[in-house]
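Next up, some structures in structure tokens.
After this come two complexes, each holding chain A, first together with chain B and then together with chain C.
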Partner chain A sequence: MLADQTRLSRKWQHIFLLIIVCCFTWIAIEMVQFDFYQSLLSIPTAGLWMIENLWITAETWREFPDIMLKLVETILMSVAATTIAAFISFFLGIAGSTTTRRNGLMAGLSRGIASVARNIPVVAWALILLLSFGQNSLTGFLALFVGTVGFLTRAFMESIDEVGLKSFEALTATGATYFQVIFKAVIPQALPQMLSWVLFMIETNIRSATLVGILTGTGIGYTFDLYYKTLNYEAVALVTLLIILTVIVIELTSNRIRKVIL
Partner chain B sequence: MALLEIKALNKSYQSQHVLTNIDFTVETGEFLSVIGPSGAGKSTLLRCINRLVEADSGEIIFNGENILKLGRKSLRKERANIGMVFQHYNLVPRLTVIENVLHGRFGYKSTLQGMLGVFSEEEKERAFYLLEKLGIVEHAYKRCDQLSGGQQQRVGICRALIQDPKLILCDEPIASLDPHSSKVIMDYLKSITEELGITCIVNLHQVEVAQSYSNRIIGLNKGHLVFNGPNRQLDSHYIGEVYGMDTRELITV
Partner chain C sequence: MMGVAYIKRSKTGRINIKIGNKVDYTLKAIIWFLGIVTVAAFLVFDYTGFHLTSALKETVANLQTMFLTPALTHFSWSEAFYQVGVTLALAVLSTVIGAVIAFFLALLSAENLSNQAVAKVIKTYVAFIRAVPTVLWVLIFAIAAGLGSTAAVLGMLFHSVAYLVKAFSESFEEVDKGVLEALRSTGAGWWQTVVHAVLPSTMTYLLSWTFLRFEINFSVAVAMGAAAGAGGIGFELFMASGFYFDLREVGFITYCILLVAIILEVASTQLKKRYFPSQQ
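Moving on to the complex of A and B:
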């Protein structure tokens, strides 16, 4: 009886929730005057335009070496930003994790840094840094770096939290020092998870680097922007294709690595 | 002189008294069981001894020194003299058995030596000897998460033994094990005391196990020491006192 009743009320809850969501959607569409019907109609036209214009021809392949150079530059920058950020986050994560924290001040500081860095999107960081550093590759690097520190610190803290207090206490009880416990018990247990987050962040950063590059005028993003503004749509298509391929290759590789380490 | 002397030990969390005026002594070579209902303060008592938990007041004299007054360096040194065995083994699951056993040597090493994992031939031989003794030497290079509970607990005991401790604290070492493994573990702990002369303090839930293995039993109830005597003295009257109810109730529960 009781179970039936709760199930019934649960059902009503769901229906109620659905109605609310629908209302909000309708209100939002009205407010921004988003014409749903019109946008649906424009899809075929847009598709046709893409097929007509984004057709990679033999001529475009002459740009290939240039594009590749920029692409490699972008990948290297993403990897560099990620690994250096990972190094910083490693210490911030240890300082902030409930398992390994030593004093509230350090923990609060590291959590603060993480949340500020993480809650501002990478694109916003790029724009902010653009003001002080100007259009150069350092700006792009820093934007990725800051966002990554935020994300990885948070992820590392959780990976370390997950290890728990058990082995930490056991080693402390043997008379081990704090750093012995961290490096011989906590980190060995958390490392695969942490490396997995680093790989994830490398993937993400290669994707973001394109966007950041458009803003800061560096790397593959700049190339993309340049071809786009000079109406060289075939080259734009080639750049896009190469970016997609790169991301897929990176993803496959990191999945492989993940399988081995986890 | 007694190996361990606890005087007027108090510990409270917020306003809740977990240990109230605990007094007892432990002689070298004793096998002491601590019994009591859940929440009586058994784990807290054990953890106060090696200062995983900081007591509020009182004295814990171990090896001639007041543990509660030690600075960081000397605390480390005394901790090396006290092994600890946990209910959930508290090993590093991803590391191998032999690595986990060698963790027991950190108390004798500088931070750097420990972090680099520098162990002498002697230490390694000793680790293998202990694994052999506890019948798990064939698993030495396996990851700990591949072992059964009973085997993991034996790794935990090896880790404690390689410390060359004078005292081993066991917090419900058999609470997660099946009856057979429980017996194996208890027999090993008993033989450690009898053959190596290492004093053991064991928290237990099962009164019968405490009675058949220990020389002496301590009973806690709501943080008070309500029994302290040789195991044969623990009759149904005292059991009722420790668990705060009739023995008849105890059996039907």
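Moving on to the complex of A and C:
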């Protein structure tokens, strides 16, 4: 009887959810004047256009060294932003985790910093920083860095929380100091998970770096934008292909690393 | 774990208390590698027009103007409200349509529900789509459909579908094998297994992934407004910072985005707490 009732209320919950989602979708369609028919139609058009225009010709390969240079710059930018952000997040994570926190003020502060950094989109950071840092690699680097600190702090806090209180309490009971406990019990257990998040963030940042590059005029994003605006679609295809290759290679590598460390 | 008879000693005869293994080496190697790449990155960066002290001073001053004296000059409160709505609408459309398409594709790409070959093909295809940054999809669609909401939704849709197919099919693959076999042995058809076994046990995961994607799509929609002319609050942000150089308006818009993003984050944590109490 009780099971029947919960099942019934579950069913109503789902129907209710469905109605809400439908309402929101309808409002959204009205708001942006989204045309289903036209967009369905434009998928084959776009496909045809891609097949017709996105051919990499021999001529385009002359641009290859330039594009590679920018791509390497972008990769380095993402890795550097992630690594340094991981270093900062490491301390913020320890200060903010429920297992390892020392006082509420520090914990609240690090959680607050993480939340603000994470929730202001990377685009906004890029545009804000562009105003004072100008058009160079550092602007892109900083924009990625801030967003990454926000994300990694949250991820690290969760990784540290997952380790649990047991080993923390065990070491505290032996008379180990706070930092001894952190470095001998908490970090060794949480490290594989944390590094897995760092790898994930490097992948994400290479994709975001393209976007940030378009806005701040740096790296591969700028190269793409330049070719796109000068209607050099062969080069656009080459840039896109190289980005795809980079992302896939990095994804496969980090999957293999994950298999070893986790 | 440790052998009793054999004790590992170092060259000087001291007992080795660290068990060197593949995992430790890999962890160390990754950390060293990342550190070296980071140093290298700073050596090759392009520092055109960059002066650290003046840039820092300017940033602090700019941030102060932005966040302490936010104001609207080029448009009204209701306009700002409307633009946030447009950005949310782009996110809603690409998430909802994306989730529906992804659901069916994920059924076809889950190895326990579908043909192995079909699953492989879809998974590879989806990995390929995911590797292209969303903004590139939007810009490529913009050539065919013109800049605007259609191109933006299509581009974001592509990426959402690719992301959700991966998440959904992994959830489907975790469904208990025994349950599927039990249903099949009663003579249930493919659709019946999906509706009565797969859906009930994965529904909460699907919803949770979809909401997470909605959160991501909101910030993507802001980005598309700024970088691909998709409209909404992102476009206003781009105009305020890139054309009017109006820091106070940039501050106001940033606050708007921050507010919505935090509301979405709180909502998703609440949903998680409600549907996955064991994980908390």
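Rule of thumb we're sticking to: the second predicted complex is superposed on the first by the 259 of 262 C-alpha atoms of A that agree within 3 Å, B and C clash if a C-alpha of one lies under 4 Å from a C-alpha of the other, contacts with A are read in each partner's own complex, and residues count from 1 in each chain.
Quick note on the criterion: a residue touches a chain if its C-beta (ideal position, glycine included) is under 8 Å from a C-beta of that chain, and two chains touch if they have at least 3 such contacts.
Remember, predicted model here, so these are calculated numbers, not experimental data.
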- Would you check which partner chain A:177 touches, where first means chain B only, second means chain C only, and both and neither mean what they say? first
- Query: More residues of chain A are touched by which partner: chain B or chain C?
  - Reply: C
- Query: Touching A:83, do we find chain B (first), chain C (second), both, or neither?
  - Reply: second
- Query: Can A:19 be said to touch chain B (first), chain C (second), both, or neither?
  - Reply: neither
- Message: On chain A, which stretch or stretches are contacted by chain B in one complex as well as by chain C in the other?
- Response: 192
- Note on the structure: Per the touch rule above, chain A residues touching chain B in the complex are 166-167, 169-177, 179-181, 183-185, 188-189, 192
- Of chain A, residues touching chain C in the complex: 14, 17, 21, 24-25, 27-29, 31-35, 38-39, 42-43, 45-46, 49-50, 73, 76-77, 79-80, 82-84, 86, 115-116, 118-124, 127-138, 141, 191-192, 195, 198-199, 207-208, 210-211, 214-215, 218, 221, 224, 228, 236, 240, 243-244, 247-248, 251, 257, 260-261
- Note on the structure: So, in the complex, the side of chain C touching chain A is made of residues 22-23, 26-27, 30-31, 34-35, 37-38, 40-42, 44-50, 55, 58-59, 61-63, 66, 85-86, 88-90, 92-93, 96, 127-128, 130-136, 139-141, 143-145, 149-151, 153-154, 203, 207, 219, 222-223, 226-227, 231, 234, 237-238, 241-242, 245, 247, 250, 253-254, 257-258, 261-262, 265
- Within the complex, which stretch of chain B touches chain A? 50, 52, 76-80, 82-84, 86, 88, 90-95, 103-109, 111, 114-115, 117, 156, 159-160, 163
